[in-house]
Structure formats: C-alpha cells, structure tokens
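Going in written order, the chains are labelled A, B, C, D, E and F, and every chain counts its residues from 1.
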Amino acid sequence: MSTRARGRAADEIRPVTITTNYTRHAEGSVLVEFGHTKVLCTATVETGVPRFLKGKGQGWVTAEYGMLPRSTHSRMQREAAKGKQGGRTMEIQRLIARSLRAAVDLKALGEHTITVDCDVIQADGGTRTAAITGACVALANALQWMREKGVIAANPLKTLVAAVSVGIVDGLAVTDLEYTEDAAAETDMNVVMTAEGKMIEVQGTAEGEPFSHEELLAMLALARQSIDELVEHQRRAIAG
Amino acid sequence: MSTRARGRAADEIRPVTITTNYTRHAEGSVLVEFGHTKVLCTATVETGVPRFLKGKGQGWVTAEYGMLPRSTHSRMQREAAKGKQGGRTMEIQRLIARSLRAAVDLKALGEHTITVDCDVIQADGGTRTAAITGACVALANALQWMREKGVIAANPLKTLVAAVSVGIVDGLAVTDLEYTEDAAAETDMNVVMTAEGKMIEVQGTAEGEPFSHEELLAMLALARQSIDELVEHQRRAIAG
Amino acid sequence: MSTRARGRAADEIRPVTITTNYTRHAEGSVLVEFGHTKVLCTATVETGVPRFLKGKGQGWVTAEYGMLPRSTHSRMQREAAKGKQGGRTMEIQRLIARSLRAAVDLKALGEHTITVDCDVIQADGGTRTAAITGACVALANALQWMREKGVIAANPLKTLVAAVSVGIVDGLAVTDLEYTEDAAAETDMNVVMTAEGKMIEVQGTAEGEPFSHEELLAMLALARQSIDELVEHQRRAIAG
Amino acid sequence: MSTRARGRAADEIRPVTITTNYTRHAEGSVLVEFGHTKVLCTATVETGVPRFLKGKGQGWVTAEYGMLPRSTHSRMQREAAKGKQGGRTMEIQRLIARSLRAAVDLKALGEHTITVDCDVIQADGGTRTAAITGACVALANALQWMREKGVIAANPLKTLVAAVSVGIVDGLAVTDLEYTEDAAAETDMNVVMTAEGKMIEVQGTAEGEPFSHEELLAMLALARQSIDELVEHQRRAIAG
Amino acid sequence: MSTRARGRAADEIRPVTITTNYTRHAEGSVLVEFGHTKVLCTATVETGVPRFLKGKGQGWVTAEYGMLPRSTHSRMQREAAKGKQGGRTMEIQRLIARSLRAAVDLKALGEHTITVDCDVIQADGGTRTAAITGACVALANALQWMREKGVIAANPLKTLVAAVSVGIVDGLAVTDLEYTEDAAAETDMNVVMTAEGKMIEVQGTAEGEPFSHEELLAMLALARQSIDELVEHQRRAIAG
Amino acid sequence: MSTRARGRAADEIRPVTITTNYTRHAEGSVLVEFGHTKVLCTATVETGVPRFLKGKGQGWVTAEYGMLPRSTHSRMQREAAKGKQGGRTMEIQRLIARSLRAAVDLKALGEHTITVDCDVIQADGGTRTAAITGACVALANALQWMREKGVIAANPLKTLVAAVSVGIVDGLAVTDLEYTEDAAAETDMNVVMTAEGKMIEVQGTAEGEPFSHEELLAMLALARQSIDELVEHQRRAIAG
C-alpha cells in the first residue's frame, strides 16, 4: 500500500473528535470519533459493588459493548434478538473494562460501581480502541461528577488510558487502521497504554502470516506515538 | 396541570428535528428528535423475504427497537446481556413494523425485505411515536435508494405514517407527552395515522382511572392535529 | 359479508359460558367460552409482592397467557420447548394484567400477589378478550376466597372489567370476531371496559386499509353494547 | 395405611374417564381422567419426518408434556416463562414418546410425524401414567383419521399401551397412587404395558428405603391387573 | 448372539478399574472404567444446602453428568455451546443423584451439600451405570475427608450402591452391555442396588419388542450377580 | 519471588508430557500436561465446511474449550447447566482456533472441518497455552489420519505452533506460570509462536501495574526460549 486512503501517512491517526455531555442522563457521556468510526460512551455511577467485592471497601469499574445492527456495512443481527452476546462482543467488553480499571484507584472509589456502556453508532475499523479512548473520558467526567456531588473526596483517576490499533499492511507498519486496512492487514495489534506510555494491554494477532520481532517493535513504536496524540485529545476534552 | 414544561400549550408538540443521512452505511438513516427524545432509525434493504412469504411475489417490512442502556434516567440492563428482549420491547417493535407495513404496497416492493432498526439514543417520553415517525422517513429514503439503483420501478410508498402520544394529564387532554407527563398521565394513548388522517393504530391505556368516550374523542382530535404537523416535518425531511 | 356464520347478527356476541370452580386447586378457577374459544383462567393468591413493591403497603395483580400447542388449527410450537415466549404472548399477558389491575384497589389488597394464568384450551378468535373476561371472574372468586379466609377485610374489587374484539369486516362493523372473521377483517379492535362502560384499553389495528373516525365510533359503540352483555354473564357467574 | 382415601382397595384404580373428540382442531383429542388427575392429550398429524429419519421410508411418533401452572396444589412457575423445560418434564415426555412408539409400526405410518401433546389440566398423582393411557387413545384416533382420509392404507397400531403407577405405601403394595399416597410411598413404580401384558417400560424408584425382589413382584402383579382394566377403558373409548 | 465380543460370557462384566485420587483438587476424585467406558467422578463438599432445605438440619447430595464432545464415536455438540442440557443428560443426572442419596443419611451429613460431577471421558455403553458405581466411591472418599477434617462425626454412608445395565440381546439375557450390544438390544435395563442386593432403581425399556415377566426376572438375576461383583471393586478401591 | 515452587528457575518450564492416542474414538487425541495442568485435546475430522465457506474450495479449523467443573480449586458452575459459555471460555476458544488456523494451509485441507475440543481435566495455570500446545499435536495426528485414509494428498500442516504464558512476578520475568504465580503476577502474557519463532498471538495484560517496554522484551525472550522447548516435545510426540 504505497498510499493510504485520503493520503494518510503511515504514522498518522484519523481525525479525532471527543464530544463530552453528548446525552443528558448519564454521569459521563462522550461521543468519540476516529474518522468515520463513532462510539457513544456513557458512564453510569451506582452505589454498591458486585457480590464478590462486598465488604472489601473498594469500588468496581465495568464495561459493556454493543454495535447498533446497521453501524456496519451490511446489517448484523441484533444480539438482544439472538438472545446472546457473541464471543467478539464479550472479548471486547472485557478488554475495555480491564483497561479502565488500570486507570482507577478502586479503593479511592469507595463502594461504587461505574458501568461504561460503549455503543457503536457507526463502524469503520478500530471500534474497540475508539471505545477505550472515549470511555476513559466518560469515566473521568463521571468521577468529576462524583467529586462535585461530594460522593468521593479525592479523584480516583490515576492516569489516562487510550488505545489504538496498529498493523502490518502490505509489509508496512501503519497506525489507526480503518476498515479496509483492517481487512487487508497481515497483522493487527491493539495496544492500550497509559498517558505515561506504559502498557496496559497488547493484543497482536497474525491474520495471515506470522509476524517477526522487528514488526512487533515497529508496531509498538507507532502505537506509542499515536497514543500520545490521543491522550492530548482526551486532555482537551476533559478540560472542556 | 395549568401549564406544561417550558410553557408548552396542550396542543403543542415539542420541537421536532428529522436529520436524514445521519450514518453512512444504511440505505436510509434518520435521527429523529421530539424534544429531548432522540431515536436513530436505519433502514436496511436485503434481497429475499422471510420463509412464510417465499414465492408469493411480495416483499416485507419489519422493525426492531432497542434502547441504549443509559438512554434513560437510570441505567437499564442491556437486553443483549440479559439474553432476551422484554415484553415492552417486543410490543413496540411489532407496533412499528405494523405501522410501516400499512404505508407500503408490498407487491410493488418485490421480493425484498426492509428492516428498520430504531435505537433510542436518549429517552424523554414518546420514544415509540418518534421511532415510527422517523422510521417512515428512513423507509422512504431506502425506497428512494432502491429506485435510484433500479431495483424497483415504481415507488411502493402509498402514504406517510406518523405517530404521537396523547394523554389526559390533570384532567386535560395534551399532546406529545414528555417523560414527566407520561408518568403523571391518567391515560396514555399512542395514535398512528396516515398523512390523510386515517387511523393505523390506536392504543389507549388507562393508567389510573378509566377514561370516558369524551376523553377519547378529545385525545383523538389532538392526535390528528399533531400528526398533520409531523407529516409536514417528514415531507420537508424527505424533500431534503 | 351479508351474513355471519350461523346467522349471527353484526352486534351479536357468540354464546358465552362462564364456569366457575372448574379445577380444584386454584383460589379462583374459571373456564370461559366465547363460542368455540375456550380459555381456562386460574387465580393464585400468594403472600408477598414483587421486589419493586416491597414495603409500599400494597398488593399486585399479574397475569400470564399461553396457548396449548394444538388449541389452534395447525399445531404451534410449544413455547416452553422453544425456550421463550413470543412477542404476541407477552403483549397479551401484559394487556390482561393491566386490565385486571384497573379493576382492583391494590392498597386494599395488602401485600399479596394474585397471578392469573390464562391458558387457551381451544382457539377460535378472541382468545385475549375471552381471557380478560374470564380472568376477572377468577380474580373476583380469589378475592372472595381471601375475604372468607379473613386474609383481607374489604373487597378490593372496584368494578368488573370485560373485553370484546370488534372489527370491520367487508365494510361492516361487527362484534366478537371469530377466527375466520378475524383473518378477513380490515380492522381489528380489542376493547376493555368497566361495568360502567368506561374504557380501560382500546387497541385498534388496521390490518388492511386504514380506518376512519366514523368506523372507530361504530366499533366502539358495538363494543360498549357487547361488554354490557358480558358483564351480565360475569355477574351471574360470580353470584353462582 | 389400613384404608385408602374414599375406601379404595389396594388393587383398585381410581374412576377412569376417557373422553374423545374433546377439542375440535386436533386429529385426535382426548381428555383422560384418573380420579382428580386430568390430562388433555391431542395428537397432531404432519407430513414429513425429523431430519435423522429423512429418506428411510418410515414415520415418527413423538410427545410433549406440560403442566398448567396451577394444575398443582401450589402454583409452579410456567416453563415458557422460565425459558426452559425442567428435567422432570423432559424425562416424562421422553417416556411417553417411547411408550407410544412401541405401539406403532413406524414403517406402516409412512413419512408422517405424529406429535402427541399431553397437558395436565389438574394434577393429583399419576399424571404421566394417565398421559400415556390417554395419549394412546388420541394416537389411535389420529391413525383412524389418517385411514379415513386415505393417507395410509393399513392401521399402523400394533397394540394398545397403557400405564399405571404402583407403589409400596405403609408396607403395602397399592395401585394407581394419588398425590398424597405418592408423597408417602416408600417406593414408586411406573409400569407401561401392552394390551397383552408385556412390558414396555418399568421404572421403579426407592423414595425412602430400598425395595426387595418380593416387593417388586407384588407391584408388577398389581400393575398387570390395573393395566388390563385401563385397556378395557381404552377399547370402549376407541369403539366410541 | 452365541458369543459376545472378546469371548465374554453372558453373565460376565467387563474388566473394572476404579482409580481413586485421580485429580488433585476435589474432595473425592475417581476414574471408573467398565471396559472402554471411562468416567471421571469428582465429589465436591460445600457448606450450606439448597434453599428448599434451609433450616431443616440436613444435608444434600446432588449430581451432574456430561459427556466430552468426542467421548463418542462421532462428535456430539457441546451442551455448553448449545446453551442447554439435553433430556438424556438431565434424566441421567437425576438418576445418579437419587441413587447416591439412597446411600446417605442426610441428617448425619449436617448442612453440607455434596455435588458429584460425572464426566464421560470415553464412552462404550453403560456410562450411567459406571458413573453411579464410581460416584459412590468418590462420595465415600469425600465423606472420609469430612471426617478426617472433623467436619462430621459419624459416617453418613449407610451402604454402597452400584449399578449395571443388563439387557436382552438376540433373545439372551446379558450383563454390562457395551455399545454395540446396547444398540442391538431388544430390551435395556439399568439396575441400581445396594451392597445388600436391595433395589434402588430399576429402569427397563423395550427398545424393539416388549419384554416378558420371565425376561425381566432373568435380567434382574444377572444384575444382582454383577452388582455384587461391582461392590467388591468399590470396597477394594475405598480400602485403598 | 527469590525462588519459585519446587526450585524452578525463572526460565524453566514445568515438566511437560504429551500423550497421543489418549482416547479411542477421535482422529487425534492428546493429553497434554504442563506440571499439574492437564488438558485433553481431541481433533474431529468432518466432511464439509461452515456455511460462510461453502464452495470456496477450502477447509476450516475450529476449537472449543471447557473446564470440568472440579478441575479447579473450588468448583465452578457447569457451563452446560448455566446455559451459556462465559466470556473467558469464548475468548480462549477463539484464541486456540486462530492459533491452529495459522499452522494450516486451509486450501490443502479441502472441504473438511477439523474441530479440536480442549477440555481441562485439572487446572494449575496455563490451561490455554497447554491447550494450544496439545491441540496442535492432536491436529497433526488428525491430518496424518486423513493422509493415511487417502482423504488428502499433501500435508496441510505448514508448521507447528506452541504457546506459553510468561509474566512479571515480584518484578522478575518468569515463564510458564503456575496458578499461584498467575494470581500474583503484575503482568501476564500469553504468547503463541511457530516452530520458527515467529509470532501468531501476543496477549499481554497488566494485572496490577502497567508494564514497560523493557519488561515486554524480557517476557518475549523467555517465551521464545520456552516455545522452542515445547516444540521439541511436540515433535517427539508426533514422531511417536
């Protein structure tokens, strides 16, 4: 792939928009856009914790993920109608939840549960990484709301986390894959990092050919750079 | 209730916005807003019909409905995670589908199925009536797309259908109930009509006290007036 | 349709039979027959209320509906075997439950739950309206049983509710549609009223052509007359 | 137990009634009563066979079983609402189906499937044995209907099968246990036999104490005698 | 069948191996082999009892059964993936549980629940009878563990229970059917007995032709003899 | 952690055993042991491919994963009884399947489907990596069986794949984590590689603290070394 769509450079992420207060009811509500990929992330604060944490003096952060049936090129069956969430959905919502928990001091959260719903309005590749990036902002807003309401004293947010998908396409490492690139990639890797550039999750998958150590390093370097940029977007969105 | 929120008159609907081409992939994609109620309606065109219609030389129109978990004041459990759609969801999607089919000449549609997904982004009362009103526009756009692609020759759309909820609140008939009114209503009636003012669906429910024949007539008159206004909004949206 | 089956007049309901104490175990047990439609309605009294009503000092009335697999012309799949209740079933049981609750002073019921099971033994149109009509008698019997046992002091039953389906068949408004009429109807409307003729539920659906205001009025007038007759049947059954 | 309820002798079955043509739509429809136990058995004839029998030139007989929620002393949860059939239900419907298949020449049935639905209207012990006894009559009626319609030439019914529950109560072998006896029995055995007294199914279970060879023989002798009587009831019902 | 596979006599069971402490974590863990049939039986001890036994001062013993998908000749669909346990599975696990409870003084067990999981590693007929035979040893080991831990004082095990399948193959009564015999049997009977030769469960099914009283007696006699041998194997395994 | 359990060095894998032909029916059947972790992997060959591959002239390899309820320290609920597979199960079986497909030339497989079932008999950490390592051997055996039967001409196996979990425990990179180490790890990374040391899957998760680039490199180096050793075990097992 000598040139990417719309002349994007290999290390260039798509235009990013993070709109806070997107809907009215949630304690945190963010529409995140990575190019044509649009995900609505809402954070809900509830008193109490799941049973396995009762009485441990800590809180919990969890996440759910869904795609609107026609967020994609062809319509997908509605999971509520099928009667179960697919493996991909479960895998993604577990990833989002782990990533968010890495950013939060659960002790400082007290016995509260924050659920972040990430619903894909429009998909064009990278929905899980956009979701993590937006969800972290919705979470930050919800924690801010808790402090304003006096529910918690200190801010449990230890850092920001953001995510990007990188891959090897036509032998070249590129960042923030859009749908057509994702479909063509030999390797696809989702990386979640903190604002400090430390790693939370690294999930690399050889779609076609196995990848080499050098390719891995190239992808990680791209991810680091892109996540730095995404964290800037997050900071501006939170600052409002 | 001597005055409604924001000084609305008894026969005054909330501000209505109908945005077409809201998302990229669907053949018809509409965001409909009745005040703070926002529903994304996407129409998907597929070749073929359900098994019970095979070989009958006609098409089919169906609908699905869902609410994002935090579209409401407090978070609702995600139906995909619960593993089933609730009774209210099923009731609403059956209503939307019947209403849309009343607007379409299924023979002229040929052996195609159009599925309209109505997903509530934000709820403030009247989600099902907003959904029907927006879904009809998404359907019209999808049929337009089919004609432009040469898939069908004539337009199968016989008329426009729109819907409004009317009710008796504090003894007074009012139109287009928002959430707080809906919760306080003695009677709630959803009315679906054609552009010509003929009735497709009338569903009146006494929430508190049974209602009289006179109250029914008053609600129907309001509904007729409001639906005339909604059809104007639909026409402008379709004209683009 | 110049003449109805078996020479029935347009405003004539089918022969109605309401048999109380039909089975032994339930606190109220009624077999209701509208012509060939036969529904067994049993009312079960249990101590306690659903979680959302705990501690509110009131009771609850709910309903479930089912059809025996071969109550119909061709066999329907058993919902227990399918693993879920269909949309039509849920819609009907929600309608029955709302209708019954409109007849009961839930405060006077105290913290008890009454569940009315409506199981269709044989179907020939109008199963939901027969079910509501029979269920109200089963409910009255169960409340009578509660008073005899000293469980409650006053009778929580505020009125009787009965239901009928009316429709437009071949351009003519007719009452209490049997299966073949129901299948041929342009419009089908289910009406639930109190003994005083006030409305609890009105659910009109255009099956073929939209219906006019005049047709609605004609159907409502028929419904009123038929429900008056049904309430007489209920009264005689309760008087025993 | 020196005396049984209503003075029944140890070897005396309850009053048996077998009403054919109980409902209108099914090809065979039987209400069977063993004392207060009442089961509606309907046989449905359909063209074709399950996938595993396709092209083998034979038919199939299957059965389903259900209890109306308030057929019992206290209300049971509706299996359709729970979303699955319990182990007891599955066990019983498998038993009914095997028993019926033992009575039929599946080759002579041709590629047809007969489904017998056994729904318990009122339960007082012995619902599965009453169901088998009634289901066999419904099956015989359905086969008769097939011959009258010219669908099959010869009668595939090889024999009649009937069933009874026998048990050891207070050390004494008794037949056709009613509910209170069933609950008190040390051993409960369901026996299915042909009209010729050969065994189709024998299912004995020690509820309290293990049972001896002698007790087994005593129970089998009682079962043989009772089944002879039940077959007489079946013959009279079929002769009509 | 003049000769059985590998020259087995009609009254000869397959080679039996009972290996205790087969896995590390369970309180009782047994691999039981009846010829090529291999079942892993693990007993888990937990504090507390199911809700219906709360406060009754007794314990509970239950069982679950499963087959690994490729324990059989052709692969069976995984029940966890299908989303439900089939009727055969439920029937078998109910049988195992009832059989084990017949061996235990539930009062002496105190408020503990023992769950015995029987998972078929390799199937060659008789999986349910091997499971019962092995499960009883796992149960005995778990009870032994409870006594060593001082959780209970006396041994609640009243007796040993073992099981065998017997049948009529080519007109001859044979014991411990392997898969090919099971498939060819006219009658198949599973018998569960105590060490003293009293009966816990007798489940005989005519697969092809109904069976006679004499055949029943012949099968029971074989079962008695085989179960005596199986109890010897159990005793040696428990003695360690 | 200055010393690991049983004196294991940081770069030392647990004793590995790979037993082929472990059960009789499957085309490939392997018991793989990594220390106390034991997983039974069976490969089933079936003619035909899933619908989405019909007519594409290629085969498919898929996998399912399960844990016996008491393979773990405390009993887990049986997924078949719960009625669904959990997110962890789905994630693991998708990982196994992707890893195996990376080793196979699906064109050379022809229109066949190979399903590898990985069932955990005993768990002590690393069940998914043991499963992949054993599953690849079961797959190789099944492909060998296909060639011997003349079903395929060339061997579709392009390479061997094996997997290991590595992690940071007490600040130190260690390989092949056992359960107690896994629970204590700051970071856990599952690595799947080919025999040539190229990467198929890299899944690193910060359990406690985010991890650095250097830690990632240290873990990858360990993984490479361990996988080389595992491939040696695979080769010896396949050579038989």
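Details
Simple rule for what comes next: contacts are C-beta pairs under 8 Å (C-beta built on N, C-alpha and C of every residue); 3 or more make two chains touch, one makes a residue touch a chain.
Given the structure is predicted, the values throughout are model-derived calculations rather than measurements.
Shared contacts of chain C and chain D, meaning chains that touch the two of them, come down to nothing at all. Farthest from chain B in terms of Cα centroid separation is E. Note on chain placement: the centre of chain A and the centre of chain E lie 51 Å apart, centres being C-alpha means. A straight line joining the Cα centres of chain C and chain F is 59 Å long.
Chain E and chain F, compared by their mean Cα positions, are separated by 33 Å. The set of chain F residues touching two or more other chains comprises 83-84. Against chain E, the residues of chain F that register as touching in their complex are 23-26, 29, 36, 38, 40, 42, 44, 46, 64, 66, 68-75, 78-85, 89, 115, 117, 119, 121-123.
Of all residues in chain D, only 84, 86-88, 90-91, 93-94, 98, 102, 189, 193-194, 196, 198-206, 209-213, 216, 220 touch chain E in the complex they form.
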